[in-house]
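Presented below is the structure to which this report refers.
Each chain gets a letter, A, B, C and D, in the order it is written, and its residues are counted from 1.
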Amino acid sequence: GDGEKFGLGRTATPDEVAAWDIDVRPDGKGLPEGHGTVAEGEVLFTDNCAACHGDFGEGVGRWPVLAGGQGTLKDDRPEKTVGSYWPYLSTVYDYVRRAMPFGNARSMTNDEVYALTAYILYLNDIVTDEDFELSKENFTSIHLPNEANFIEDGRAEEPFNERKAEPCMSNCKDSAVEITMRARILDVTPGRANDDEGAGAGSVD
Amino acid sequence: AAAFGGAAFSGAAGAGESDPLITEVQDWNRYLGAGVQAAPYGVPSAHEAHVVRRDVEWLTASTESSVNFTPLHALDGIITPNGLCFERHHGGVADIAPADHRLMINGLVDKPLVFTMADLMRFPRENRVYFLECAANSGMEWRGAQLNGCQYTHGMVHCVMYTGVPLKTLLDEAGIKTNGKWVLAEGADAAGMTRSIPMEKALDDCLVAFKMNGEALRPEQGYPLRLCVPGWEGNMWVKWLRRLEVGDEPWQQREETSKYTDLLANGKARRFTWVMDPKSVITSPSPQMPIAHGKGPLVVSGLAWSGNGRIKRVDVSIDGGRNWTTARIDGPSFSKALHRFYLDIDWDGSDLLLQSRALDEHGFYQPTKNALRAERGENSIYHNNSIQTWHVKEDGTVENVEVS
Amino acid sequence: AAAFGGAAFSGAAGAGESDPLITEVQDWNRYLGAGVQAAPYGVPSAHEAHVVRRDVEWLTASTESSVNFTPLHALDGIITPNGLCFERHHGGVADIAPADHRLMINGLVDKPLVFTMADLMRFPRENRVYFLECAANSGMEWRGAQLNGCQYTHGMVHCVMYTGVPLKTLLDEAGIKTNGKWVLAEGADAAGMTRSIPMEKALDDCLVAFKMNGEALRPEQGYPLRLCVPGWEGNMWVKWLRRLEVGDEPWQQREETSKYTDLLANGKARRFTWVMDPKSVITSPSPQMPIAHGKGPLVVSGLAWSGNGRIKRVDVSIDGGRNWTTARIDGPSFSKALHRFYLDIDWDGSDLLLQSRALDEHGFYQPTKNALRAERGENSIYHNNSIQTWHVKEDGTVENVEVS
Amino acid sequence: GDGEKFGLGRTATPDEVAAWDIDVRPDGKGLPEGHGTVAEGEVLFTDNCAACHGDFGEGVGRWPVLAGGQGTLKDDRPEKTVGSYWPYLSTVYDYVRRAMPFGNARSMTNDEVYALTAYILYLNDIVTDEDFELSKENFTSIHLPNEANFIEDGRAEEPFNERKAEPCMSNCKDSAVEITMRARILDVTPGRANDDEGAGAGSVD
């Protein structure tokens, strides 16, 4: 680093870095010391997580589903869970520690997060033994089933992105254009008269 | 036929009759209005109470991890007023006193640093206009026309002028080690939001911003500090920015694995799909902005943007994409910012199938909905930049439709 | 010395000590904040409550014929948020429902016309960024340094992006008769505000605007319709615009005779002094923005503008005008808009006499206060574009001063 | 006028134009039929105007002064009134009719405005007879004393605006710069501790 220096800010202390540097990577970088079993995780999950995510990670109401859905990724309505979709276990540890339980983040100890992560593996049939203990040591030996299905951004190679031709300007379709679908039919627009028609479909993430 | 304008607005005097709104002295022409300082921080007219952000309640389980939408249909130009910039939170709006905020830089740097807001105000600043679009904008339309209004179909975008310090300046201050290839940006909110950003982008045009449209960031936009990642998906623009870690690998955080990856029809999922593709939408007429004035002169207006740079051209079709006319882009054309376009037409009063198609300076343009689905299926959620169709009916009402 | 930044912001841990704001989990990192839609139309953080328009009570007899001031010291970039644009009324804020508003064109035209707001929305629109400065801005400083803060000395200026219809388009619609040389613009407020505008300007760049910074005009800025007269004194930008009369002579209205004429020392008074001269002010540091961080890197920032066009250059002096350094203009440079400049210096902690001097693209620059007074005396009220001096003291406090 | 036409808007009716076209020019264009005397004006002024402008147009508190001030335009504190400063009488008629009384504009009849204008002339010693009647017919025969002292914009000819030279960049002053005046001394900034020091000087128009 030999960019310009202004001499602003101050050196971060080791304690400060430790307090905030809690991210965990797939290669295990950032994992803290600790361990926890599926059985311990089950208790913790029931007490702290199940109200939203369901006893079996099936999700209550619109709260996120955490388990199941394997084999659904090509379906009309895929169910994307840790077991069916997530590529890396490190993300579970990292995310639960930083953001869960929703509304009381940063309240679980490192051991508790190991136990919860183990239990989420168990709910997804990735480990099957209730006595299984997840720890810093064995963590990177666990691989999630869908890891191989993540690919790089391929948008530049899509036909309409190849920039071979200027887009068509006239007589671009052989026959007159027909309407094939109307939002009115499944009108879920808030604040309209027929709001009680019920909820629409889709999610923002 | 155009006489007296739209019924919705007109005092409706008949031909040759005088309008009492003119011939009689009105109260506002006679009696004093409110004085200065009635509102030290001003607010819109009560007559504009309908111009607000709106959410879609069934979409999410809680308002703290949810989204609302910019009322694009009611706006013009390219600047979004701060109070109308859509919100997207994963743990609610962090309420942070600037004096209590800290920014840390750690990881593969010569010297880990902590900055106060006052420290950051001492670095050289820059001002830049950028759009911010959520990758999930138009995500609810993948499976077909669903929501009736561009506020809902396209309202997860806004465009403001930011003031801040280039991210490069701050990274240089800490000193990037030669193996530093990625930057993790982290928020101070209850979601501890994190995203991995490749170093090339971090050093190119990212900005650590503390002001938007001249004033302090709004709380819901990351007050007191947010990262700007121009042209790239909004989730990466980490709000309440408190930490930047330099590393040699991406972190594979929840928002770049479970979320913000694009599931294709074949079950594969694209990751690190950062750039927001060229996109446009006609904001008026649109379902929330029907034509009230009958046939004759009609202003067709919309927005276009591209994460690749400037918009070069916008074409508009009134026949569902058979024939296109190039629209007029008006106002500033900034790279990675909203562009405003207009097509001034003489409406004959018949049905229209209105579409717009943005073309950016690198030659990328918007695909049709069907072309996009043919490549990706319907499960991608993110990066739906396909061409939107509005059906304008003879009575001037407008519907969100899909066409052959 | 710069460690931990300004005392006003810092959590004040000693050297090597850890900051509990970092080592302890803060509430905003743990508990959910407000959800989306907490404010459908968003407002600034409560921590920014001091950033408001302010008036000077002794200045006027009533708030309905009065003024308040933009908090320039707290802003950055070139866009003024709508809620902070200074107010100037002569009969209070007219409260007009858009459906009840009419615009008439009469006088020397082929056909006198009446438009509804809906009619106006059907003409081709344009988007342009302009400053608006009251001719009386800095008027209280003619006789010497008086008010301690750039909000008060220079705060009768703002800069927004307008959307509207060129005045020329509307005049053409009515058809200007060959002897039509002037346009009278009239407001619908209780002051019935009127100003005469020469036809050349009316046909050049005037805009009949209905939006500012993307949304409807604010009530205090003329909702639903105002005239923009780019680069010319703010009083001519008639708010609540209801009538445009074409004539062959100016009208000599009260605001162009009794007011907005510039009395010189010799008893003569200049009239029709429309253009706002090149001007600038350092917004930080300034009396309301003292330096809290001690010596070392210091961002000197300010605004410059000219009614003649673009700002070509801004020079900054730290020694009261003996020596000058050219500042960096950052962000967009639009004609007749605010320009943001910065000078990044290494402050040695000693007294400064800070000045800025704007030079526009036509070669016009700001005079010193004494040079201006030598020409005009002290009774002009309007058009004080002279160089402002701030005295920065060793403790970082700043005063409005005049120098030899 | 042969600019482009969109066919928007509608023709204004004569009544509509009459209702809004109330402006009056120095050449008398726009003056309505009517008349009123000084004596009538005095009564109207006392009832409708004097509360703010004073019985003799001297101004109450900070409300505007309408009379007097002749010969003060070169003074330190000029008093600019209809009599001392205004160039044209038409402006008085126009402005009073459109904007006064403050808070109840458009409430005076055309005859009343003639009378009030006559009375303001009288307060300024421009007419001296209480029986003087001002009317559409004799209006343009009255000239205000300061008319000749209005000149065109001369800013372009001011030395610093002549653009002969680039502004000086270094050693622009012979000696070190001295502070000659401080705002602190007459601190009238609102919201500061010494607000009770009293009001400052100057006006915004």
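Assume contacts are C-beta pairs under 8 Å (C-beta built on N, C-alpha and C of every residue); 3 or more make two chains touch, one makes a residue touch a chain.
Keep in mind that this is a model prediction, so the values were computed, not measured.
> From chain A, how many touching-chain steps at minimum until you land on chain D?
Steps on the shortest route: 2.
> More C-beta pairs touching across which pair, A-B or B-D?
Result: the pair with more contacts is A-B.
> What whole-Å value do you get for the distance between chain C and chain D if each is reduced to the mean of its CA atoms?
24
> Counting in whole Å, what is the centre-to-centre distance of chain A and chain C, each centre being its mean C-alpha position?
48
> Any chance you could list the residues of chain B touching two or more other chains?
2, 4-5, 19, 22, 29-32, 54-55, 62, 64, 66-67, 88, 91, 104, 114-115, 119, 122-123, 190, 192, 296-297 - these are the residues of chain B that touch more than one other chain.
> Show the residues in chain A shared as contacts by 2 or more other chains, in ascending order.
Residues 6, 8-10, 16, 20, 102-103, 105-106 of chain A touch two or more partner chains.
> Could you tell me which shape the graph of touching chains takes: line, ring, star, complete or other?
Topology of the interface graph: other, matching no listed pattern.
> Can you name every pair of chains that touch?
By the stated definition, chains touch in these pairs: A-B, A-C, B-C, B-D, C-D.
> If we count contacts the way the header does, which residues on chain A are in touch with chain C in the complex?
6-10, 13, 15-16, 19-20, 102-107
> Touching chain C in the complex: which residues of chain D?
Against chain C, the touching part of chain D is residues 1-6, 8-12, 16-17, 20-21, 23-27, 29, 52, 61-64, 73-74, 76, 78, 80, 82, 85-88, 90-91, 94-95, 98-99, 102-103, 105-106, 149-155, 158-161, 163, 167-173, 176-184, 186-192, 198-205.
> Which part of chain B faces chain C closely enough to touch in the complex?
So the residues of chain B in touch with chain C come to 2, 4-6, 8-11, 19, 21-22, 26, 28-48, 51-55, 62-64, 66-68, 74-85, 87-89, 91-100, 102, 104, 114-119, 121-129, 161-163, 188-190, 192, 211, 213-216, 218-220, 223-224, 240, 292-293, 296-299, 301, 328, 330-332, 334, 340, 342, 344.
> Under the touch definition given earlier, write down the residues of chain C that touch chain A in their complex.
Checking each residue of chain C against chain A gives 2-5, 15-19, 22-25, 29-32, 296-297.
> So in the complex, the part of chain B that touches chain A is made up of which residues?
Interface residues on the chain B side: 54-62, 64-67, 88, 90-91, 104-107, 109-115, 119-120, 122-123, 134, 136, 139-140, 142-149, 152, 156, 168-169, 171-177, 184, 186, 190-192, 194, 242-243, 245, 247, 249, 251-254, 257-261, 263, 265-275, 277, 287, 315, 319-324, 353, 357, 359, 362-367, 371-372, 375, 378-379, 381-383, 391, 399-404.
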